[in-house]
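When the chains are written out, they are named A, B, C, D, E and F in that same order, and each has its own residue count from 1.
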């Protein structure tokens, strides 16, 4: 057990935990002040509920197996971990991934979902969608991974997965009143920018930590995470400048996040220059993708689909072109990676032929279909039972007061209020 | 000149503005206010302590208009602001001695 | 008593306050408001969606004054607030039945 | 109808609201304002540069009431808002031509 | 000197330093906007004054001794540190603990304490209360530790200590005007949630860093810190749902902090499942404890007592039941820990009998009495001399303007002001 | 390749990246709400544009050379890095330094600079000023470093350099309307304090990470970073107390930053007690220096000159007095440091004579002259071509709306707006 690796993966775990509050602020700043606490709560709920589920049963089902489809219960209830090895570190590191994945969906359902429905949706979705998908894509013997598809830090299993699930939920949930005719500008852009800063900061742990060691691949992943975010932020700015005449702060923030999403699956398999290319491509595509919802009329409030689904797909597919594990010192095709089972082939642009691209398309296709269908059914079931949607009256008054009995801001500088106990 | 003051629900601002614009009101002033009335408020809970919040967010709209336009404008405003739910608000009209446009010093209806 | 109400540009507040102080106005009340008028607003863009913002930030100043002082005060106020650019705002005057100073209960001009 | 306008100290809002409720005022509108007056303001220092802040936070309360109730209400309001310290604020009364309840279209005292 | 351990403890030190601003926002969001800067200042004051005191004399007195009661001056003024060993790392790591402990008290005295009094209180309290208590509980030869009481990261020496001191100070300081009839809702809940996120993030350094090495115990402490916070947050939410009908953001934030407090003393001695149990228990108890002040009429403004004192006691006492160092690979009863002097016995539930529980009760009892008495005397002395309490006029106008000559927010979007120099 | 060192420098890199958003909030809170997004954007722009430039060509020119004046293109486009060694880690770590340096200048030009001009200024300045200065001061064979001047983490090459450049730009840009008669108080002090907390947190990575290893020198640098910030914060508070009668939150924040700036060049060369002395001196001097602009009439809006230029000079010159590498275990005068080429001599107070002081004065003098002249010419050129200054109308309305088509805050709790597409 190497102290440097333990220190690295632990601190990366703390960074990823910090990302969920960061996401909460990124989203929370974009909604109106009457709904900001509800948005923060949807995120914080994920980080209190999912990690418990993860340790109790999730990790064991999502990673501890020998078949291609699902794990077993051998590591349930935190049993059977050897604290002189890396496994408990990996288990808790991945708990933070499990927590943030459903939180991504919160951005799509903003302003109108009953909190009680969200509270139940999150743990159920984690079990029936996140756990199996994670096993297929990430677990040593997962069938998609075993076939050779690559996902370094969760482009397919996290961003594509959460993004398509978001689409399924909003289709069941319906549009906010007034949308798309009316829109609601962000109540606090500084809060959005704070979230962006925290996300970028934490994403280094998310991506470079996924190497599960402080080695050369982690360094490459770190560099790529930096460059792709910068490149996508720049690309989004340039599109805005040309198209809208202005460079906006929400634009650069969105671009940075799009770049981070896109490089997530690729960061450990591509060179620095490829990461810049991936960032530029993702920035441009996502900048247009966020407007698709107006054409098709699904109310993806904060663009989870336009940024996470599209960005994740872009990055995951581009692996098929840019992957160059040879340049990164992986013995190509041989068993590599933390568990020695990863088969990393070259991409189309680097002499690998179309095989890897095909696997990337297959893996993402499978996740798109599975996640959409199961999530849609789950949402329908919840809607039919407790109901997904808040009343129109609650939507008008705001979810903070109606769902949580709180208001985010009390400006009156020294107005005090009678306590009624 | 007359001053029309209306207290309305915040989400009705756009409708009211559009309606007034439609009948030739070229200017008005808006203030975020808080209202106390029949509608009642809500309770908030902080660490188990409850607070009764009697005031609900409202928007106040003020427009100085020509006396002869008052009835038309009030009617249009009331129609646009009505939701038939409690808390829709009030409109009242007061008399204005004179009005001046700061930029030009014009007075009376020329100032509007 | 008369109530002078002025809608002015926010960055003119200090000038107006100084001017009114200069001619003996000892008290006034200020409110942050938003104005709709000829000046028009601006557009904002969020993720490629454009919004037309019709309201621009303004400041409302209210002062209850003695009837005989109205003209001097209005004049001073208009001079101080004018930038000769569109959007300078309006001033209007309304009649006040009575005014009371809460602390002392004084009425009329003693209350100012 | 009459409009009672009061400028009071923010921490007095609850007392005033309770007092008015007590004597049958069923509705009123509140605005956060800033006051300039005898009370004076305070100075703030940022990196050694001093700023004189002349405006202090106040709350404005507006209530449209029946003419016959004005005196009782003003009296109750003044009593509730008084702290006998400088800056307690002012109350003034203006005449209202008409008042309408948006929800029902009722006019006059029925609208209150 | 192992680079992995150095990297780990240094980064953990940076995380704990970041906690004090985090605490400042957690508290600052809960007060009215007229008092927020004063709250931030009470916290920042701790972090500029205490670490200097710590390096100059505090560390040496609190750790560098051979007797049971107090250290000596051999390591004063930063003298005598060997930079090829871990000691300077430990010294600076613990400086951040010394800084945040008095900062915890700030939450109790909010809205009414003269800043001059706070400015003097902080260094004095650190010297006469924090330093000796730390020696007894934490120092290799400290008498409470030598007897066998356990406190992994500061439940007794920090949270119980600061919590009971807060009670002593508010009893001298008195209630805020209008309290408890009137209350003041948080002026910015997003600021509170930001503080919560920073605290949780930093607490990984606080707890897992206290192992002073990147090893298996640090991993267990990290996992427990994660799980206890989640469990307590969940517990608080469930109590609120049942009792008040709503789940509030302030509730989940309070629960998370309560869980972090409770696991602080225990994180290195209990298993993952025990940490969940401790979190659940602490969440429920603290959720009720924050209302005790209304029964007894002490004005603990932001619930330092209900969360830190009670949470610290809960965690510290539960060690007596849940401690299972054997399961964590400590040779039980043998000398272990960073300094090889720690005697870690089993708890009541894991075959250790009542011995450990008795030591836990004794240690906390001693700290409760000592800290309360000395702090009470100190507060009385300050009150009699310079006065603890701001004038009623200042309390009404607000402490930001009256104590600091500043206002937190200037909203007027483009009002400029004449500079008077 | 030691995993502990890799983990340390990577996490330090993430910390420094986080500093730029931190700086954005530190500055953004100080401006009026009509200009805050523009301030955030000036900072975020640096962090998306400069790192790309750095990897493509900057690093190679700024570090990879054998002459005294400038590097070559051998490492351009991310070519030629050995991922089994530390060099790629160092390259990306330093990318964050390159990003934050021009961002410092944003504080001086606040409220009035055309964003288009800033967007072009940043990459140009990085190439023609930052890159050569960095080579001279930091690169193994840089002529100023080779002569024996010391700059551990960037006092001369970053703070003095950016500070004097800020003076050059504001002289070309001119004063804000109304200044100095009118001033604009901070629109959100809590945002300023958040930035301060993030900056201090990140600065540990900035300074202690610059050792490029997790060793004893990194520990000393970490300790000094902590103490100097605290000492300077305290010093600023005391001056305010005596001079203005109040201790302000902006004061303690400014002092902390001043101390961090001053210790940046010295942190790896001085003892703990010397770092306290340096902090105290810097705090007092900077507290007076921020008022110099009123005497000389240059509009340094947020005191980049008073804090960064002056603080950087103070720290850099004090190295000449306090440097004591012997006490830190450097073989004095021998080749040391990460690249084995550093010559660290003793300061005047520690038996080193005036030689080092002379070198410090020379190095800073050279940077002052070069940076001022080149920046001034660059600013003039931009002003003559696209124009540096926004229109007076835009300045009155605010830069957020006019430069970016956005507003920072939309308070109307539930006002929605018609989308016009």
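Simple rule for what comes next: a contact is a pair of C-beta atoms (placed from the backbone, for glycine too) under 8 Å apart; a residue touches a chain by one contact, two chains touch by 3 or more.
A quick note: this is a predicted structure, and the numbers were derived from the prediction, not measured.
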Mutual neighbours - chains that touch subunit B and subunit F alike: A, C, D, E
Cα-superposition angle relating the copies subunit F and subunit A, to nearest 5°: 120
Distance from the mean Cα position of subunit D to that of subunit C, given in whole angstrom: 18
Centroid distance [mean C-alpha coordinates] between subunit E and subunit C, Å: 50
Chain centre separation (subunit E, subunit F; CA means) in Å: 33
Where subunit E touches two or more other chains, by residue: 2-5, 7, 11, 182-183, 185-186, 188, 194, 198, 244, 246, 248, 250, 294, 396-397, 405-407, 411, 413-414, 416-419, 421
Residues of subunit C touching at least two other chains: 11, 14, 31, 44-46, 49-51, 94-95
Contact footprint of subunit F on subunit A as seen in their complex: 2-5, 7-8, 11, 15, 32-34, 178, 180-190, 193-194, 196-198, 200-201, 204-205, 208, 213-220, 222-223, 226-227, 229-231, 233-234, 237, 244-250, 252-253, 255-256, 271-273, 276, 294, 328-329, 396-398
Complex interface listing, subunit D residues touching subunit B: 1, 3, 17, 26-31, 64, 94-103, 105, 111
Interfacial residue positions of subunit D with respect to subunit F in the complex: 44-51
Complex contacts: residues of subunit A adjacent to subunit B: 182, 396-397, 401-402, 405-407, 417-421
Subunit D residues within the subunit C interface of the complex: 2, 6-8, 31, 33-38, 54-55, 58, 60, 74, 78, 81-95
